[in-house]
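What follows is chain A paired twice: with chain B in the first complex and chain C in the second.
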Partner chain A sequence: MSLQLFYQLLVSGVVIGSTYALLGVSFGVIYSTTRTFHLAHSVVYALAAYGAVVGVRSLDLPLAIAALLGLAVAVITGLVIEFIAYKPMRARDATVLAVFLVSLGLTIAAPNLLEIVFGPENRALPGFPIETIQVGTVTFTTLDVTSVIVSWLAIAGVLAFLARTKYGRAVNATRTNPQMAMAVGVPVQQVYLIVFAIGSVLAGIAALLFTMGGVANPTMGLTPVLIGFIAVFLGGIGSTLGAAFGGLALGLAMSLSGLWLTGDFALAVVFGFMFVLLIIRPQGLLGKATV
Partner chain B sequence: MTTDGGNGTSTHPFEELVERSLDRRGFIKAGLIAGGTLSFPSLLAACGGGGGGEAGAPGAATVTSSPLNEIFGPGGEAAGAGMDFSDGMMLAITGQGSFFGKVMSRGAKLAAEQIAQAGGPNFKISIADHQSGLVPPAVTGVRRLITQNNIVTLQTSYGAPSEAIIPLIQQNKVLTFNGGGSSPGQLFKEYLWMTRMLFAYDPADGALAWLAENHPDVKKLAVLGTRENGVEAMEEKAPRIWPQLSGGTIVSKEFHEVGATNFSAQIARVRSAGADAVFTVSFGNDLGYMVKQFREANVDIPIMGIEYTDQACEIAGDLYDTYLFATDYYDTGNPNPFNRIFVETHNEKYGEDPEYYGSNYWEQAFVVWDLIRRVKEAGGDPESGEDLQNALEENPTFKSVYGGDASTVGEMAFDLEDHSISKPMGVFSVEGCKPKVLAPIKKVTKDDDPASALDV
Partner chain C sequence: MEYWADIGVTILIFIILGASLNLLLGYAGQISMAHAVFYGIGAYTAGLLSLPAFEGVAAAARGVTSGLGWHWVPALAVGIAVAFVLALVVALPAALRVRGEYLILLTLAFQIVANQLMSSLDNVTGGPYGLTPIPPIELFGQVLIDPQKMFLFLLVVTTIVLAIAWGLGESPYGRVLKGIREDEVAVAALGKNTVAVKVIIFGISAALAGAAGALAASYYQFIAPGNYSLDLSIFVVAVVVLGGAGNLTGTVVGAIVLGLLRPLLQEIVGDDAIAWQGVIYGLALSAMMYFRPRGLVPEGRGVTTLIGRGFTYIGAARAMALERRRQ
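Now for the complex of A and B:
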C-alpha cells in the first residue's frame, strides 16, 4: 500500500464524506422529526439544481443569485410536498407504508416530468472557478475545499439552531415525543414545516455543490438521497450529529476501499459496512440504544 | 401506448395489505399516484421525449417524390407504398441513458417520415423502454412489442438487454438491428445484426496502435471501464496487444459502476500505479466526469476512449479538448449525398445537427426499406422477418451515411458469418466539443499485427 495513495484517498474521502454528511443531515432532520421516509427528497435535490441552472443560463443571473434561486426552489418544493402529500395523509392516520408509497411515486414521476420539461440533456452550471490545489502528491480543487467548508458550516448551523433556538427546542421536543410536544403547546405542524424547510435547504446546497462541478440531469436526485438515508441509519436515527458522522464515515469507507479494491466495489463496501455496523450496533454510531 | 396503472382493486397480497391499512380515500389517492407514476415512462415514451407508442408517418398510399428516390429508386407499390409496416424499437427512454433513447428514436422517426414521403411503406414505430439497460423490462417490453404490436423488425440498443432478447427474436423471427451497444455476445446470432462496429473491441487495435506510434514514451497503460460494456476490450484485447505495440505493460485495471460521478479513487490508483496513459471503454456521462476529474487532479497523461458524445463534453467543458477517442464516428460534414439529406432534414425538423447514434438508427430504417423492396421484387412477404433476413443474406450491402464522397453514397456491408458490420473508423481529438479526425483506422483480426490497424 503506498502512502501517496492513502493520503489522496483520505482527502478524497473527506471531500465526499462531507457532502454525504450534509445529505445525511438533510434527510435525517426530516425523518427523525416527522418519521416520513421522504424519498421524494430526490425531487428537491434535482429541482434545486435545475433552478440554479435556469437562473444562470436562461435568466443570466450571477451564480450566487442563481444559487439562492435554486435554494428557494428547493425549499418551496419541499414545503409543497409536505403540504399537499404528507400532511393530508397524516391527518387521515395513513400508515408509514402508505406515505412511503406516495413518496416513491413522486420519486418515480419527477425525473420523467423533468425530462419532459427540460429534456434528458445534461445542463452544466458554469461560473464557479475550479482550480487545482496540489499539496505534495495530493490534489484537490477549490470546489472541493468549498464543499467541505460549506457542508460543515451548514451542519453546524443546523446543530446550533436545534440547540440554541426556541424553534430548535420545539423540533427536539417533537422528535422525542410528538404527542407530548403537542400536549404542552408545541406547534407540531409548524415544526414539520420547519424541518422540511431545513432539510430542503441542505439538500439544495448539496445539489448546487455537485452541479457546479458536474451537471444537472433528470435522474440526478435518487442516489444522493439513498446515500443520505444510509448515513442516517449508520449514524443513528434521532441524532443529527450522528447522521453527519454517518455520512462522513460512508465517504471515507467508499474512498479508502480503493486501497485494496477497484472502484466498482465501492457500493458493495458501503452496504457491507452498514450491514456489519448495524449488526454490532443497531442504534447506529451515535444513536441511543432502546431499552 | 402501454399503461400499467393501479386500479384500486387487486388480489395481490401486497396490495391487499396496503388496502387494509389505508382508508378508502387515502388508498385511492395513493393508488392513483402510484399508478399514474408507473405509467409515466410510457407517457414519456408517447410524448416528445421518446416518442413511443405507435408513431409513424401519416398514411402514404399515394406515391410522392423525394431526393431519396434518386438514391433508392422510385416509390410506389414495389417500394411498399400503402403498406403499414410494424417496426419496434427497444431504447433507453428513462434513466441515465435517456439521451440515447431520444436521439435514436429521433433518427428512426425522421426516417419513417421520409420513407413514406418517398413512396415507401408507412412505418408504425412502437417503442419499449429498457430503462437504460435493465434486462427484465427489456424482455417484457420486447415480448409486448411482438405479441401486441406484431413487429416485423426491431431496432435494439445497449448490450445486456439486446443479448437478453435473443431467444425472443429468434423464436418469433423478428429481424433485429443494433446500432448502439454492439458486443461480441451478440455476434453469430440468427436475426440479430450489428450496424456499428463492436463497442470498444473493434476500434481498440487502432486506438492503441495510434497511441503507441504517436506517444512512443507511453509504456505503462492503465485501462478503465465498467463491467457492462467493452469488458472484452479491457480484459482480453488490451493486455494482449499493448505489449506488442509498445513493449509496455498494463499497470492498472480499474472498474467503476455505470453512472459514476466520482472517480477520485480510480484516479488515485492510476496515478499510484505510475501509468503513462489511460485507455478507457467507459461511455456516456461517465466519460465526461472521468476526463474532467483526471485533469482537475493534475493528471495530464493521454486519455484514449472509444466514444464521444456532446453530453460528456457538456460535463467536462474545455477539459474535453484533452480527450482522444477511436470509434466508427459519424461525421455530419460528410458530403455523401445520403448524409447531406440526413443532416439537412434533421436540422429542419429538430433544429440541430444529428448525433452519432441517431445516424445509425436513421440508417437502419433505410436498411429495412431496402429489404422490403428486395423482398417484394422477389415475390416474397415483406412482413416476414424470415424473408427479410433471407434478402439481407443474399446481398448484405446497403447505403450508408458513412463513407462515400460528394458524388457517391457511402456503403456498409454486413458480415454474413458473424453478423457484424464494417464501417470507417478513426482516431479523433476534440476541439470545442467538435471531434477532429487524426487518423483513419481499421478493424483487424486476432492473427493480424495490431499495428496494421493504422494501415488504411
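Now for the complex of A and C:
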C-alpha cells in the first residue's frame, strides 16, 4: 500500500463524502421530521439533474440559470409528492408500510417515465470549467473543490436555519415531539412542507454537482438516496450534523476501501457495513438507544 | 401456443413468488425488499449443484463454471434449504425490533449486497454473464424444456405452493401472523413468541421463492444477476399489493394481470414495453395504496376464504351436533 495512493484516496473520499454528507442531511431533515420513508427522494434527485440538462441542452440556457431551473424542479417535485402522496396518507393514519409502498410505486414509475421521454442513454451536463489541480502527487479538479465548498456551505445554511430562525425552531419542535408541537400551535403541516422543500433543494444540489462531473440517466436517483439514508443512520436519526458526518465517513470508507478492494465492491462494502450496523447497533453509531 | 405457454410459465412463477411474499407481506404485515434475491439464491444453489461437472482444466478451457452434476431433486432441496437458512439470518435482527423500518432497510441492504455479489464473485457465480447451461428437469422420461410441458408441471407446483400458503395462512399460525400485523405488542402480551413467528415466516417465504428460482433456472437453463435485481423484488411486492394483501386469490389475480401486461405492451409500444410496464405498475401500486389500500380482491373476499368459511361452518355444525348429542 503506497502512501501516495492513500493520500489520493483520502482526497477523493473527502470529495465524495461531502456530497454524501449533503445527501445525508437532505434525507435526514425529511425523515427525522416527518418519519416518512421517502424513497421517492430518488425521483427528486433525478428530475433535478434532468431539469438542468434540459435547460442547457434544449433551452440553451447558461449553466447557472439551468442549475436554478433544476433546483426549482426539485423543490416542486418534492412538494408535489408530499402534497399529493404523503399528506393524504398521513391524514388517514396509514401505516409506515403503506406510505412506503406509495413511495415505492413512484420510485419505480419515475425512472421508467424518464426513459420513455428522454431515452435510456446517459446525458451530460456540460458547461462547468473543469480543470485539474495537482498538489504533490494528489490530483483533483476545480469541480471537486466546488462541490466540497458548496456541500458544506449548504449544510451550514441548514444548520443555521434550524438553530436561528422561527421556522427552524418549529422544525426542531416537530421533530422532537409532533403532538406537543401541534398543541403549542406549531403549524405542523407547514413544517412538513418546509422540510420537504429544504430536503429537495439539497438533493437537487447534490444531483447537479454529480451530473456536472458525470452523467444523468433515468435510474440515477436510487443509489444516492439509499446512501443518504445510510448516512442518516450512521449519524443517528434526528441529528443533522450527525447525518453530515455520517455521509463524510461513508465517502471516506468507500474511497479507502479501494486500497484493498476493486471498485466493484465499494457499494457492497457500504451496504454490507449498514447491514452489520443495523444488526449490532440499530440506533446508529452516534445515536442514543431508544426502542 | 408455445408463446402463450411461455407467458403462462412466467405467470405461474409470479404466482409462486407472490403467494410466498403474501404470507409475509399480507398475512404478517412484514415487508421484504429482497424476495428476488431469495429467488436467485435458490437458482444459484440448485444451478451450481446440478451443472455438469467439468474437470478443472476442461472447465477453464471452456470458460464455464463447473458444477457437481447432481440430480435436480436434491439440488432443488438444497436450494430451498439454503434460501430458508439465509432468510432466518437476515430476518432475525429485524424481528427483534417492532418498528417496520428496520426490515425495509435490512432487506433492501441485503438485496443490493447479494445482487452485487452475484456479479462480483465471478469465479463462483459466473459473474455478470451468469451460469449456463443449467440442465432441464427430467420427470417420468419427459424433458421439461418445452413450454407446454413446463407449464403443466409448474401448474402442479403452483397448486402445491398455494395449498401450503393457504394452509399456513388460514391456520391458527396464520391467525397469529395476522395478529402481529394488526398489533404485535398485543400478540406478544398473549404469550406468543412473536420473534420466532416472524423469523420463521420469513424463512418459509424465502424458501418457497428459492424453490421457484431453482425450477425457473432449469427451465430457462440460464442464471444471471440481472434476473434477481431490486426491480423484480419490487415487482413482486406490486403483485401482492395490487391483488390484495392477505389474500391468495388476489395474488393470483395480481400475477395474471401484471404478467399479461408485458406481452400486451409489447404489441402496443414495442421496444418501450419494459419501461411502460414499470410506469404502469409503479403508478398502479401508488394509486392502489391511495384509493383501494386493500387491493383488487380485498382480504376475506377470495375463493380461499370462502372455502375456509365453508370448513368453519362444517366445523361449527359438527361441534353443535356433538354438543346436542351430549345433552
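Definition applied: the second predicted complex is superposed on the first by the 279 of 291 C-alpha atoms of A that agree within 3 Å, B and C clash if a C-alpha of one lies under 4 Å from a C-alpha of the other, contacts with A are read in each partner's own complex, and residues count from 1 in each chain.
Simple rule for what comes next: contacts are C-beta pairs under 8 Å (C-beta built on N, C-alpha and C of every residue); 3 or more make two chains touch, one makes a residue touch a chain.
These figures come from a predicted structure and were not determined experimentally.
Colleague: Sticking to the clash and touch definitions up top, decide whether chain B and chain C on chain A clash or fit.
Modeller: Aligned on chain A, chain B and chain C clash with each other.
Colleague: So in the superposed three-chain picture, is A:L226 touching just chain B, just chain C, both, or none of them (first/second/both/neither)?
Modeller: A:L226 contacts chain C only, not chain B.
Colleague: In the superposed arrangement, does A:I116 touch chain B (first), chain C (second), both or neither?
Modeller: Both partners.
Colleague: I'd like to know which partner A:G105 touches here: chain B for first, chain C for second, both or neither.
Modeller: Once the two structures are laid over each other on A, A:G105 reaches both partners.
Colleague: Identify the partner contact of A:T95: answer first if only chain B is touched, second if only chain C is, both if each is, neither if none is.
Modeller: both
Colleague: Just checking: does A:L267 make contact with chain B only, chain C only, both, or neither of them? Give me first, second, both or neither.
Modeller: So A:L267 meets both chain B and chain C here.
Colleague: Comparing chain C with chain B, which touches more residues belonging to chain A?
Modeller: The partner that reaches more residues of chain A in the superposed model: B.
Colleague: Name the contact category of A:F275: first (chain B only), second (chain C only), both, or neither.
Modeller: second
Colleague: Which of the two partners, first being chain B and second being chain C, lies in contact with A:I16: first, second, both, or neither?
Modeller: first
Colleague: Is A:T165 contacted by the first partner chain B, the second partner chain C, both or neither?
Modeller: In the superposed model, A:T165 contacts neither chain B nor chain C.
Colleague: With both structures aligned on chain A, tell me which stretch of chain C collides with chain B: 4-12, 94-102, 166-174 or 184-192.
Modeller: 4-12
Colleague: Take the contacts of chain A with chain B and those with chain C, and give the residues found in both.
Modeller: Touching chain B in the first complex and chain C in the second, residues 89, 94-95, 97-98, 101-102, 104-106, 108-109, 111-113, 115-116, 120, 264, 267 of chain A appear in both lists.
Colleague: In the complex formed with chain B, which residues of chain A make contact?
Modeller: Residues of chain A touching chain B: 2, 4-5, 8-9, 12, 15-16, 89, 92-95, 97-98, 101-102, 104-106, 108-109, 111-113, 115-116, 119-124, 126, 130, 132, 134, 137, 139, 141, 210, 213-215, 217-219, 223, 254-255, 257-258, 262-264, 266-267.
Colleague: What does chain A use to touch chain C in their complex?
Modeller: For chain A paired with chain C, touching residues are 37, 85, 88-89, 94-98, 100-113, 115-116, 120, 222, 226, 229, 233, 264-265, 267-268, 271-272, 274-275, 278-279, 282, 291.
Colleague: If we count contacts the way the header does, which residues on chain C are in touch with chain A in the complex?
Modeller: For this pair, the touching residues of chain C are 29, 31, 93-94, 97-102, 104-106, 108-110, 112-113, 116-117, 119-120, 230-231, 234, 237-238, 241, 272, 274-290, 293.
Colleague: Along chain B, where are the residues that touch chain A in the complex?
Modeller: Within the complex, chain B contacts chain A at residues 17-18, 21-23, 25-27, 29-30, 33-34, 36-38, 40-41, 43-44, 47-49, 94-96, 98-99, 101-102, 226-227, 253-257, 259-266, 268-269, 271-272, 285, 288-289, 292, 296-298, 311, 314-315, 317.
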